[in-house]
Each structure stands twice: as structure tokens, then as C-alpha cells.
Amino acid sequence: MTVTIANAVWQGLVILFGGALLGMIYKGFDRKLAAQMQGRIGPPIRQPFYDVVKLMVKENIVPDHAVGWLYNLMPLLSLAAVGTLLFYIPLGGYGPLLGGYGDLILILYLLAVPSLAMVVGGFAAGSPFATIGAQREMVMMMAYEFPLAITFLSIAWRLSVILPGQPIFSLTTLAANPLWGLVGPMGFIGLLLLFLALLVVTPAELAKIPFDIPEAETEIAGGLMAEYSGRNLAMFYLGDAIKMVAMASLMVALFFPYGLANLFGVAGVWGTLIDVAFFLVKVFVVIFVAVITVRVGFARLKIGQVTRMFWLPVTGVSLLGMLLLTLDRFV
Amino acid sequence: MILGTLFKQLFSKPATNPFPVKHMPRSVTAVLQKVAMGQAEIHPPVPTPKDLRGKIGYDRDKCIGCGLCARVCPASVIELYKPEGEEKNKIRMYVARCTFCAQCVDACPVGALWTTENFLLADADRFSENLIVD
Amino acid sequence: MNNQSINLEIGSNTACYSVPVGPVHPALKEPIRFQFDLDGEQIVGVDIKPGFAHRGIEYMGMRRNLIQTLYLSERICGICSISHPLAFTQAVENAAGIEVPPRAQYIRTVIGELERIHSHLLWAGVGAHELGFDTLLHLVWNVREKSMDLLEQLTGNRVDYAIPIFGGVRRDIPEEKVPLAYEALDHYKRALQQLIDAFLHDKSVELRTRRVGVLTYDQAVALCAAGPTTRASGVKKDVRVDMPYLAYADMDLHAITPEDYGTEPIGDVFDNIIVRLLEVGQAVEIIEFCLENLPEGPLSSIPKVPALLAALKKASGEGIGRHEAPRGECFHYVRLEEGVEEMAVWKVKAPTYSNLMAWVPKFLGDEIADVPIIAASIDPCMCCMDRVHLVDKSGSESVRAKTELVRLSREKTRRICG
């Protein structure tokens, strides 16, 4: 899809700001609903906005033992990577902005960059707590990347068999052809297993309880984030919010890209609005199930337990899903 | 699992009593001024029992100036002094130091001291009127 | 006594780096300093430095008259706030020969057990928070609110109840308040099963606490640990059972160990949770017994304050008082001199003091991720405990070895006994 530069720039800005805004609103919902589930009142939904504004105003401290330029570069890198991620994911019922220039493989790499930025930032901070947190994040990445990759590849491969000749890793194609209706019953179950595996990977990707061990508050006083403050922390915070939106949108694009407007035969402005609203609701449901409920319902797991959990049961489930999808082709 | 409790609590009233207001207002002093003028309401606190250990009440006329209360007070709250033109000693209590143990209430032989239910004693000035009893 | 030595190696050759935890750290509710020597994630050495909450309470207490000191002792700790007055009044009554009427003893027991309920539920919530499970924290603390409300109804304050006085208690539990108490107890009987489900049947809590922070039976006995910490290892040690006092003498109590839940005691954090939750159930039964059998009679043997002050001034001798606080045995020693209002000597041994050394075998071999929950598992109360900061007259600090400590404590005992 050819895009003029000016068009692309202004659309890109809209996506970036929209993504940040949405991210913070969803974060607000996350805190409010988690509080309600715990029997408390919780902060107002606009609290993350207050948080970011407050952080931007606070002093940005660079510790004496830190590698200065790395320490200050990493938050910027994380935010940039996560923002770029948004350009390759279909949002609001539209195709991805840079759909012709990057696909699922690029997204897989881009998802890893913010976590790597946090790891490097943690090591660059020069504090024992940050070092421990960075080590844990590295180990956790090695754990959850495997099922993530298996899920993406299985879905893309299966679609390539059904639609030969099309660019199957492209998010546009994936979003336009949800697999649920295109496979038989065995494939359906396989796809369901892959969906469950991805649901478990999502809180790990976002470093939320039960997998928030790199940032464990009570154990290592904030872990990787222990030394960050002020503007740097605001950038990491924003990056975390946008990553939540990006990951949830990815899930929606891969598994539930359906639009409502077509169903009801509404077109034009109203159709667009209905589609966008439906997209927001879908993203919210994914965040509710994968992040909020899970965050409130479990204790934090240790790093050994996290790796064992991902390498054995979760990889097993995703491999089984892949197997079922493969077998479905021959049935 | 705990999931059932979580969902039940999602749809029921929170356990917190939102005293005085639900969320932090822009300006606390503005809200307090409005309340003083009767224009705004604050959520009341959880009801307290009648014999709550609140601020100590003092009846100056009953007091005979024996000083027993000052002897047993653990926090040196009570100051015994002789007012001008009176024959008996009287006391002054500095509530900012008080631990509300009410031992002075038990010690008083004539019942000039008693506990009240007043516990809203937060103040910026240790010697404000609310925090001196005499 | 068993002379078996415990291998408490501090420091090791395989350590890569050392991580300080404390005195200010989100894992700790009260200041204490740990220095962990780590090999990757595993702890191979631990050093403990207490002394950050030392406030000189014994010094202050020995310069006030006994009634003032009673309220000072109450504020040694906010959570075990009636354990210290109970032990202190026992010590003074022991020294001065003051009797306590039966009704007062029963009322003291009721308030003491209510405090045990609130303290154990507080600990359970804090333990859940250390595990990252904030939902359980809020759930348990919401359940705990009922006991705080009941304490406020009965004593007039949620913390620091100011109930014991030398010779009896200060407030009665009148007839109209008894139904409130029964209502709260029913609430706890229902809630206890919910809490046991939430803590003991939850998979993620079990993953984090089973076989973590193990204190074996022999270690617990040799280190003289006290309270639920030692009962979780299977040692049946409880002051209420071994040396009954107050209303416990009329009851048929037994020390609660994980065997009461049906499991073999290992001494890990999970066993600590079991013991503390079951003790809440036991406390409910004790309160019910006391309320049903509350004897009639006076509230205090010396109700008038001037008479009490005179009796205390005339008293002389030494006395000890013990109470099974929620954390273990709380011990007070008092020596009174005739004609002097202040005490000659006051020594407080808080329960956490006995449990401090139990930390070392618990930490060794576990991961740094287990540090918060193991630190919380002995239910540390630093404000009760801090008494051992050793600073030489010249101002230099040193860590003394066991033989020297024994020699120093023997010298002090001889000084105290005159």
C-alpha cells in the first residue's frame, strides 16, 4: 500500500498519541478494576495521567556508578520501539499503517526490544538490585519467547497452506482471514490451545504478576526500575502502557479481527465509529482476562518456577496446538 | 480458587469507608472551607462507641487541684498551676502529647475528668485552641 | 541441655556478590539490616544487624513511677500491645504480692486472645503482600477489621487498649457488650474456613511457601525459638500450656502444631501459616469459654489510685511475668525497692529476640526471591526486640562471639541480682 510521506507522518502521529492515550486509559481501568476486585475504592481512571505528569516534573537522577549515556538512552529506545510497534499492528479495524513494510517477524523482534532496553538499562544502573532484576528479565525472556514464536509461526504456516501465494506473515492478510472459520474441528482445538498459550505469555511479556519478577517490589525494591526516576521513569511507564495496548491489539488481530460494521451492514462514518468502538472493547476484554484478573488472582512466582512453567507446560500446549493444526491439514 | 470472591467483590460496594471524600480534591482547604459554610458535605466516619478514648473533658469547677492526674499521666500532659485570685490549683492539658490512656480519668477523686468521643484532632499548631484543655 | 552446635556459617568462598537488605526495604516492615552473600540467586551467607529501633525504653521506664511505666510498656509495640502490659503487671504483682481477682483475669485473657486474632491476621496479610499477592492482603485485613471493631467497643481503642492495671483491669465487659462479642466470634468462625481455603489451598501460595525457609525440630530446640515459629517445626512449646496463668489455668489447652491440620511438621513457611491460622481458631474458642464462664466479682483488688500508688511504693522484691504473645514468650523482670516510686531494674525480653537466630538456618540455601517471605515468617517485631546494640564505651562497635556473650550476661545477672 503506497503511502505519501505527509499522510504517513500525520497518521503516525495520530496513532502514537492515540496509543499513548489509550494505554493510559486502559492502565487507569486496570488499577480501578483491580482495586474493586480487592474490595477497595482505587484511584480515579485518570490517575496514570497524573502519574506521568508528576514523573516528568521530578528530578532525573543518574547514579554515580551508572553508565550515563546507556542509562539515559534506554528509556528512549524502549519508548521508540514500542511506538514503532504500533505502526505494524492493525488498529481500530484499519490495516496497519506500515503494513507493506513490515510483518509478523518484525513484530516478534520489536516486541523483544523494549524488554532488552530494560535489561541493558538495569545493568547500566550499577545497583545490585537492578542487576538482579536485569538478570531475571533476561532469563524470563528466554522462557516466554519460545511459545510466542511457536504460536506465531503455526498460525502463519497454517494460513499459508490455505491461501498459497499470499504474503502470509503480513498482518493485513492475517487480520483479513481469521483462521477459526477456515480449519476443521481438530484445527479449531489446536487454535484454541495456541490462544491459551498466548494468553499466558501476555502477562509475562508485560511483566505483570504472576510474572513480574524482574520488577518485584517487595523483593528487590523495584528491580530493574529501582534507580530510574523522573523523565526516564515516565518514558518507561508510557512504554509499558503502550506495550499493553500493542500486545492486546496483536492478540485481537490474530484471533478476533472481526468487525461489527459489516455484520450490521452499516457503512460510512457510523460504520467506522462502530468498528473502532468494537475494537476498543475487544482490546479491553483481552486486557481484562490476561492482565487484570490474573494480576489480582495469583502470587508472584520465582524465576525458577517461571522458566519451568514456560518451558514445560506452556511450550507443551503450544506444540500440541501446532501439531493439531498440522494434522488438520491432512484431515 | 479465589476467582469467585474476586468477581463477587467486583460488583459489590467497596469495604472502604470514604471518609471524608472519595478522591483527593484539587485543594483540601477549599473543600474544608465549603464544609464549614455548609455548602458541601463530607462522608461521616465509621461510628464510634460511646466510651471511645477520645479527647479528655475537664470540669474546672469540680477540680480540687490534688494533682493526682498529673502524677499518673505517662506523657506529662497535665500541668498543675495556681490561677491568679483562686485558692485551689487547676490543671491545663496539652492534648498534642496525650496518649488517651484515660488514667487521669481513673485517678481523679471528684470526677472532674471524663473521656469524650472527639478524635478529629489533627492540627498544624500544637498549641491551638482545640488542643489545649483547661 | 543438648550441646549440639548448629552450623551457622556466615560468609562463604563461593559468593559472587553481596546484597544488603535493609534497614529500609520494601520487604521489611521494620528496620533491620541483612547482608546476604549470594551465588547467583542462592543465598550462601547471611549476617544480621539489629538495633535500629532501639529507643531506650528500659531507661525511660526506670525513671517513671510504675503506673506511668505501664503505659510506656504498652507502647513498646503496637501489634503485641497488650502482651507487654500483661507480662509487666504480672511481674509487678509478683514482686509486690498483689492479688488479681478472677473476673479481671478472665477479662485480661479475653483481650489478650482478641489481640492474638488481630496480630495473626495482620501477619497473614503481610505475608501475602511479601509474596506479591495483594488481594489476600486486602481480604485478610478486611476480615481483621471485625476484631479491631470489637476491641474498640470493649476497650475504647483499636490499638493500645490500656486495660490491665496493677491488681486487675480498668474496664469491665458489661452484659450489653457480650452479644457484640459473640457476633464477632461467629464472623470469625465463618471467615476462618474462607481464609484457610484462600491461603492453604491456593496453588501459587503453596509454590512459594512449601519447603522454603525450613527450620528443623532440632534447630528450633537448640536455638530456643519461641512461639508459632517453633511450633511450626513441631516443638510443643507454649507458655499458656507449660506454665498456665490467668484464665488459661482453667482451660484444657494444647500447643498447636501442623499435626493439628493433618500434615507432618517440616518447619517451612507453609507450616507457619498453618499454625497461625489454626491459632486464630483456638483464640476464638478461648474467648467463648471466657465469656461463658466469666466469674462475678470486683475488677481490681486495689481500685483507688492513691492506694495503689502507696502499695507500689511500699513494695520491694523481684518478680517475673510471662505471657504467650502472638510471637512467642514475652518476659519481663522487675525489681522494686521499698520507699522508691521508680523501679530499680526493668528488663524486657521480647519474643522476637528468641526468634532472631532462627533466621540464619532459614535463609541459608534459599533464593533471594524468598527473602521477604522468610523474613516475615518468624513474624518479626523489631520494636519489641531491639535491645542488643553493642557499642563500646570508646564508641567502637564490635560483634561478640558466643562465649563472650555468655560471660557478659552472667556478669550482668550478678549485677542485677545485687
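A, B and C label the chains in the order they appear, each numbered from 1.
Methods note: a contact is a pair of C-beta atoms (placed from the backbone, for glycine too) under 8 Å apart; a residue touches a chain by one contact, two chains touch by 3 or more.
A quick note: this is a predicted structure, and the numbers were derived from the prediction, not measured.
Comparing B-C against A-B, which pair counts more contacting C-beta pairs?
B-C
By C-alpha centroid distance to the whole-protein centroid, which chain wins?
C
Distance between chain A and chain C based on Cα centroids, please, to the nearest Å.
A distance of 46 Å separates the two centres.
Take the average of all CA coordinates in chain A, do the same for chain B, and state the distance between these two points in whole angstrom.
Measuring from centre to centre gives 51 Å for this pair.
If you average the CA atoms of chain B and of chain C, how far apart do the two points sit, in angstrom?
Spacing between the chain centres: roughly 30 Å.
If I count partner chains per residue in chain A, which residues reach a count of at least 2?
In chain A, the residues touching two or more other chains are 37-40, 296-297.
I need the residues of chain B touching at least two other chains; which ones are they?
1-2, 6, 15
Pull out every residue in chain C that's touching 2 or more other chains.
Residues 135-136, 138-139, 142, 202.
Looking at the complex, which residues from chain C come into contact with chain B?
Per the stated touch rule, the residues are 64-65, 67-72, 74-75, 135-136, 138-139, 142, 145, 152-153, 156-157, 160, 162, 165, 170-171, 194, 198, 202, 305-306, 309.
If we count contacts the way the header does, which residues on chain C are in touch with chain A in the complex?
The contact residues of chain C facing chain A are 17-20, 25-27, 41, 128-136, 138-139, 142, 202, 204-205, 207-208, 367-372.
Enumerate the contact residues on chain B facing chain C in the complex.
Interface residues on chain B, with respect to chain C: 1-2, 5-6, 15, 48-49, 51-53, 68, 71-75, 99-103, 106-107, 109, 115.
Report the residues of chain A in contact with chain C in the complex, numbered from low to high.
37-40, 128-129, 131-132, 209-210, 212-213, 216-222, 296-305
Please name which positions on chain A make contact with chain B in the complex.
That would be residues 33, 35-44, 293, 296-297 of chain A.
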